[in-house]
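In structure tokens below, several structures.
Each of the next two complexes has subunit A plus one more chain, namely subunit B in the first and subunit C in the second.
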Partner chain A sequence: MAIIGPVQQKNMGPPHSRIDGRAKVTGAAPYASDFAVGRPAYAYFVTSSIARGRITGFDMAAAGQVPGLLDILTYETMRGAVKKPTFFAGGGYAGTTIRPLDGPEIFHDGQIVAVVLADSYESAREAAYKVKVTCQAEQPAATFGSAGATTEDAADAKGHEDPAVGDIAAGLAAASATVDADYATPTQHHNPIELFTTTCAWTGDKLTVYEPSQIVHGLKHGVAEQLGIPPDHVRIVSPFVGGAFGSKASVTPRTALAAIAARCLGRPVKLVLTREQGFSVATYRAETRHHLRLGADADGKFTALSHEAWEVTSRPDSYLVAGTDTTARLYACPNVFTKVHLVHVDRNTPGFMRSPPEVPYLFPLECAIDEVAEKLGLDPIELRRRNDTMKEPIGGLPYTSRSLMECFDQAAESFGWARRSAAPASMRDGDWLIGWGCASTCYPTALAPATARVILWKDGRVKVETAAHDLGTGAYTALAQVAAERLGVPVGQVTIALGDSDLPPSPVAGGSITTASVSSVIAKACDAIRAKLGVNDSALIDPGIRVAGFERLGVALVQEYAEFAPHGAKPEGIDKLYAGLSTLKGGAMLEDRIQYAFGAEFVEVRIHARTREIRVPRVHGAFAAGRIVNPKTAHSQLMGGLIWGVSSALHEATEMDLGTARYINDNFADYLVPVNADIEDVSVILVPERDTQVNPLGIKGLGELGNVGTNAAVANAVYHATGRRIRELPIRLEKLLA
Partner chain B sequence: MSAIHVTTKINGDVVDYVCEADETLLDVLRNRLGLTGAKEGCSTGDCGACSVTIDGRLTCSCLVLGAEADGREIGTIEGMAKGDELHPLQRKFLEHAALQCGICTPGILVAAKSLLEHNPKPTETEVRFGLAGNLCRCTGYDKIVRAVMDAAQEMRRA
Partner chain C sequence: MRPFIFERATSPESAIAAFHADRATSFLAGGTTLLDLMKLDVVRPERVIDINALGANEIEISEDRLRLGASVRMADAEAQEELRRRVPMLTQSLALAASTQLRHMATLAGNVLQRTRCPYFRDVSWSACNKRLPGSGCAAMAGFNRQHAVLGASDACIATYPSDFAQALIALDATVDVVGRRGRRQLPFAKLHVPPGRTPEVETTLAPDELILGFEMPIEPWMSRSLYLKIRDRDSYEFALASAAVALEVDGGAVRQARIALGGVAAVPWRAREAEQALIGRVLDEASCQLAADIAFAKAQPREHNAYKPLLGRQTVARALLQAAAMEA
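Let's look at the complex of A and B:
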């Protein structure tokens, strides 16, 4: 097993156990579906069994006989009840603009077609099973290459430019070694263990929604928009979230339907989607295709990078991740060409899934680098070193900090890379073929405007209020540490209120922005309190100074509300935040600089010579992400990220029936994720790094840094073990048998 | 449907409740008894988030009917700590950071407690395979194994 305890190094806070940990290990932590509401009715969805067509009729006779049935809502009674949602990419809230129950049209498999309401969950489910829906089906397009799929250039979709520089043809002509290959990544679903639940309760014309959310202020405004009611009539309660990974970051159609159901019945409604329904009611990571060409001269300097990609989206919505924004800028290269295409098919709208652009887009690039290195007879780490840069090649902007090679050096040392025999299939242990591979990882450092209120009592108790979210990331603890340090009190005296739209707004818990953005605003509020107490900027605050300050002021508590806007933010950023919108700034989106966190990932695979069973006995990663507020929770996030990466490389794929465009393995028996028995040594190294520009505290995000490079590191290790380049994920044993 | 009267013991206390014949034990615990520590993750016995013990045997409460608890002894996460004193497994999970979002944690703790009751000195491999029925998506697998091994050692010393 790996060494566990992260030690405090330079520019890191002290490792601290979760302040909410006790509530979690005793079962007391209240997740959204754990809240009791008086005498609720239960909702169960009937979902579409076709992916494209029209509903021609309902037969409710059998369902109507089920004891306890209260009502069944369909488009026949609900048309117009839900207002048209605005898509998040168009400046709105919704993860899809598809409005179920607004008409007979079916846009995708698993679309909600009826809401069954009953006195008990069991009655609602039984009646839902007995609702007969007849449809006129049309041939759906499932994915790339399906008849009826339509392709558009992503450059036409709002906001995207294909980054490019130099002359790609000249660059390829100048190369001594080139790779020209096609790659593919599969559909994946987030599958947080917590199901998608919604409980709605009305008090008069005020609605309270208990729903796990990564953006409570966004959900509040999005639901208000869909119901046509004022946003201040809606409150979202979500103090604990049982995993999200992007799936709870935009408004799904379920919430407005549950709210309307509760209003119709005049009593609270509880809705718990089944695991299967979550696959089509929420979002997913769409499958991608890539054509990548990479050239390097005899010295190993890149001369050309061409990255063309295709992404799947739904018919009405242009969801786009466009990871070429990152791949075009990751290494020094004078000639870069990129182009992204969107392919519209008859599926639900995809959405953010942990490291949305980087996971599918770094896979081809980091595999191709391994291949070019081999052609040049260079170690793959050395090839990356020769193309490391402090200036991105597209606009020539400087990186604020970049510790990529330091991460490679530390991870290589920990892994024992120097003992690697470079030739493929040259390391063997009995029946097991051993392969060692590595890859870079990176994730943009973005921030968004945030607000918070901090209260300090004379006796040293502190309360922080901000509608940020802890998805398991450790936000409760890290934010308490920031306030405690700033106000000179023990962490145990700080209470943190998060996950409630009645609190001052914070941005989406997505894009790895929470710690940097929300710590920044909390520090700002704390500094205002320090100023009131007469403590100058650099002085330590101790109980004596605090009490003296309070006595001078003659008050029992001091509270400060603060607003923070990151570098590059527009003045209206805070207004937008109050309207439930997060405006992320950073990464490659700035005009004067580029900011990313980096890491290096090393994987050992063992592949059985006869059965081709693939085991992963070792994964080592080294990561640098500016100031680390809490090394203990940061370590957990990065370790979890590496295991996500192994899962993505070897296990996960949502399978589809190409004829009907329906998901096949929409359950935990068939959607493969690793279990305890699949994972062995996972080592995380935190590399100290100081960045004085990203924000006043020097914090970068790291929640999505761990799982980006792993796909390629595993694929490169599989090549090293077997001599086979597998360019289509996931790498399962059948791909090694042929 | 006629309601069924059930007399059972939960975490050592005698409990009486009335449930429907088709209601799962998980729904009874969560919706009727307010014991929301057991979580629903799949309803098919694949994720282990709803783990409880019935007469000492580890069980997915989503696969058992509430009526079947009659005359049995049920153990849930709510019975694991003694008042304010955490069970060694709970303490070690905190120390080793063996939890993130926490939704799988109650089920994993119940499963780990059951594992150690049957095998007080498990090997690392036995822990990995013994807990293979509990999915953690965040994922804290290595830390979970370490915490269980550490707790087992402490419990043997006690």
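Let's look at the complex of A and C:
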């Protein structure tokens, strides 16, 4: 396994190991369900086994006999108990507006239909198994093409604006090479290793919720809304999160149920969903369909891009990712048409999953570019070079920085792309067909308002307090590095408190905004401390200067609270943040400019000539994302991203029983992710880049940059190996047989 | 999981004595199948008899015979250097199964008695599964059946038999050593499992109280030309989409004896005897291997999502035969 180690280059901080690493590997780091609460009761959900219909009755006789059973909650006793939530994608908190235990109606497979409460987890589970639910089932619509699915224009449903420019018909007519094809991406579930857990404990009318969260202030307000209590009666504790990928970024119905159960029983309640239940109680990446048309002239300049897409969502909610906001602007092209449709079916409501718009939407575009390149007899890197641009084509806005081609050059060099023979099925190693493919990746550089409190003691200790989140990404470490550098102390002297709604609010750990947004506010607070100590803006601060400053002030500590609002933010951004709402600004959402991080990814596949199994011995990616605070954790994020990307191309797909609209492989034995044996050489190259506009520190997010475009790079490599274009993911061996 | 009575047996006799005919009783070996299914509520024993301490964990290799105790862990059998050399198919079928952790727990008898991975069987919220609830129907028939069987299945059940090791046993003409209330007996491994027919809930010819004590088989010098080829969605920790256990005795370029067993495609451990016959006296080349592969899948009955399996199966058999032919015996 050749891994290029992270080294400090221009505009990068020092590579630093995780400051919480030891606590994590020794088990000392408390995850939400690790918190001890006095004598808890245990909750276990009974979920629906139909996707559409009505509950007609419960038989609790057998369950009632289980020793240790305390209570069973159903809609018959709970109707109205959980208040109507506001939908997160409509400026609210909840991942679904389907209210739990609010009536007999079933909206999707795996909907919560009863909460069994008992003295032990085992009793609760046993009783749950013995609850009999009878239903009147109706024929559900599972996905695209199912009877009963309803389609609407996303522009009508969500006020989405379809980016467009020029005249698409004229552009296509002017093309000397065109691709006109349909593509599909599958349903996927986040499957973080840490399950969805909730522990609720009341003290009087004050509620403490221990729950892994990507947005503790949002969860606080969301739970208050669901319970109809004041938000300041709710505290969320979530210092460590065992993976989230978007699945812990909106409020699920479970939290309110655990809170109500704890109130009813007068004792704390612990809830740990099973892996299976996580598939339907939380959100997922919905499947998408695309019709893409791309034309280029004989010089390889794009003349037309038309990207029409369809996304699945639930009956009541309109969740939309609309990645055309990105694909319309990625390359120079005078004529662009886009359109997005939502297809409502009888499923749980989808939600963000790592790079929500970019993963499914770059797939068709980056595959089509490969096809056009082949038709023109051009190298696919060269085709991208000819359409590289510092101005996005829709509004003509300038990119703040864009190192796409530097990334291609460095990754191509590392991968050995020059040795590729261009013809499909022309590279072989014995019985193995070899294919090399590449694709672009990009991810919007967004930021959100953030707040933080920083305390500096005379002896050089620093404490940073902000309700940001470390999902395993390394946020603790990166943020400590920012404070340490700013205040001139070693990283080891900085303690960071995150993941608690009693701390000053920070935005959602989503959209790759944490490092840029939270570093910015920490730097601001540090600068205020420096100013108090009489250190001017650019000077270095050393222990001597620090102590002198303290002595002059005659204090033992200096504390500063700061608020940061990014470029383009509205004045009410901080108020919204205090209300648990993150207002992301950046990417393609600005009026005066456009800001993205870029990268290039190269994949080698080996496909057995006879049995057609596909293996990926090499993945190389080069990425540029402004200032890199910690090359080590950045490297980990990007490496994990590349593996995700391979997974999204070859392994991951939530299978469905189409007749019943139910998930089939809702467990880790059947939901495939790559294992070590599947992943050999993963090389991550960090390309130095300076961006003076995105924020004062010049940081772009990169957590969601690595896993975009990889699916297309794999598909392009599969084509190169076999001469077959597979336009529907995942690429399983049966698609290459015969 | 539901409450159950737990007992520990220290000898085969005490295990059989602890067996209760009037109660759902299960023997517990490594537990990697049984405990999963209990947690999933698929099997609900009222009594569990731990057989980990009853012995039956010896491996005996002689000049011409091999005996593997029922309680031998997969990892221990796989690690036998001599076996790797003399019957590579056998150790490969173990090494390519499950994960290292599982193989350290899982026993050989447990392995051959593991239950199908059919998702409709393993999730009790599906109401139609003839194997789990006789007479309830088969949800897989019109459902998601990508991993299901194309050989030996029936209209009542198309579940795939999942074990890799069993393919080596059936290919090697192993016998099974069994003891129960009515005494000890030996039966050919090929007679241990029964095709689903109209009673897919009946999977073996063992009486409920019968314990497997071990497996025996002849070893012949030519078996060093054998291998287990497993095709799957990822490179480790995954069941076969198709697999082939093959062994060849070649004499002067022509096949004297061939053994072919198929995993991932059939409802029970599957010996492709007609395909074996077709190879006898032939030189192993592309044509003869393809012919054998075609014969092996001549009676395949694919469904909607496993329509690829006959072709994949044929390619797997052909590839395995050609690879074995190229081995140095």
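In this section, the second predicted complex is superposed on the first by the 734 of 738 C-alpha atoms of A that agree within 3 Å, B and C clash if a C-alpha of one lies under 4 Å from a C-alpha of the other, contacts with A are read in each partner's own complex, and residues count from 1 in each chain.
The rule is simple: a residue touches a chain if its C-beta (ideal position, glycine included) is under 8 Å from a C-beta of that chain, and two chains touch if they have at least 3 such contacts.
These numbers come from a predicted model, not from an experiment.
Following the overlay on subunit A, a side-by-side fit with no clash is recorded for the pair subunit B and subunit C. In the superposition on chain A, no contact is made by A:Thr466 with either subunit B or subunit C.
In the superposed pair of complexes, A:Val675 makes contact with subunit B and with subunit C alike. A simple residue count on subunit A separates subunit B from subunit C, and the partner touching more is B.
When the two structures are aligned on the shared chain, A:Gln214 is found in touch with neither subunit B nor subunit C. With both structures placed on the common chain, the touch criterion links A:Asn695 to neither subunit B nor subunit C.
Of the two partner chains placed by the overlay, neither subunit B nor subunit C lies in contact with A:Ser306. Contact with neither subunit B nor subunit C is seen for A:Ser648 once the two complexes are overlaid on the shared chain. In the superposition on chain A, contact is made by A:Asn665 with subunit C only, not with subunit B.
Shared-chain residue A:Ser355: touches no atom of subunit B or subunit C. Of the two partner chains, both subunit B and subunit C are touched by A:Glu122.
Taking every C-alpha of subunit B against every C-alpha of subunit C after the fit on chain A, the minimum distance is 5 Å.
Contacts of subunit A with subunit B, set against its contacts with subunit C after fitting on chain A, overlap at residues 122, 126, 669, 674-678.
By the touch criterion given at the top, residues 1-2, 4, 17-18, 20-31, 33-34, 36, 67, 120-122, 126, 191-195, 240-245, 272, 274-275, 471-474, 632-633, 635-637, 639-640, 643-644, 647, 667-669, 673-682 of subunit A touch subunit B in their complex.
By the touch criterion given at the top, residues 1, 20, 22-23, 27, 30-31, 34-44, 46-47, 49, 76-78, 80-81, 86, 90, 93-97, 99-106, 109, 124, 127-129, 131-146 of subunit B touch subunit A in their complex. On the subunit C side of its complex with subunit A, the touching residues are 1-3, 41, 117, 119, 123-127, 139, 142-144, 146, 231-238, 241-242, 307-308, 311-312, 315-316, 318-319. Interface residues of subunit A, counted against subunit C in their complex, comprise 47, 49, 122, 125-126, 129, 276, 431, 608, 610-613, 615, 651, 655-660, 664-665, 669-670, 672, 674-678, 732-734, 737-738.
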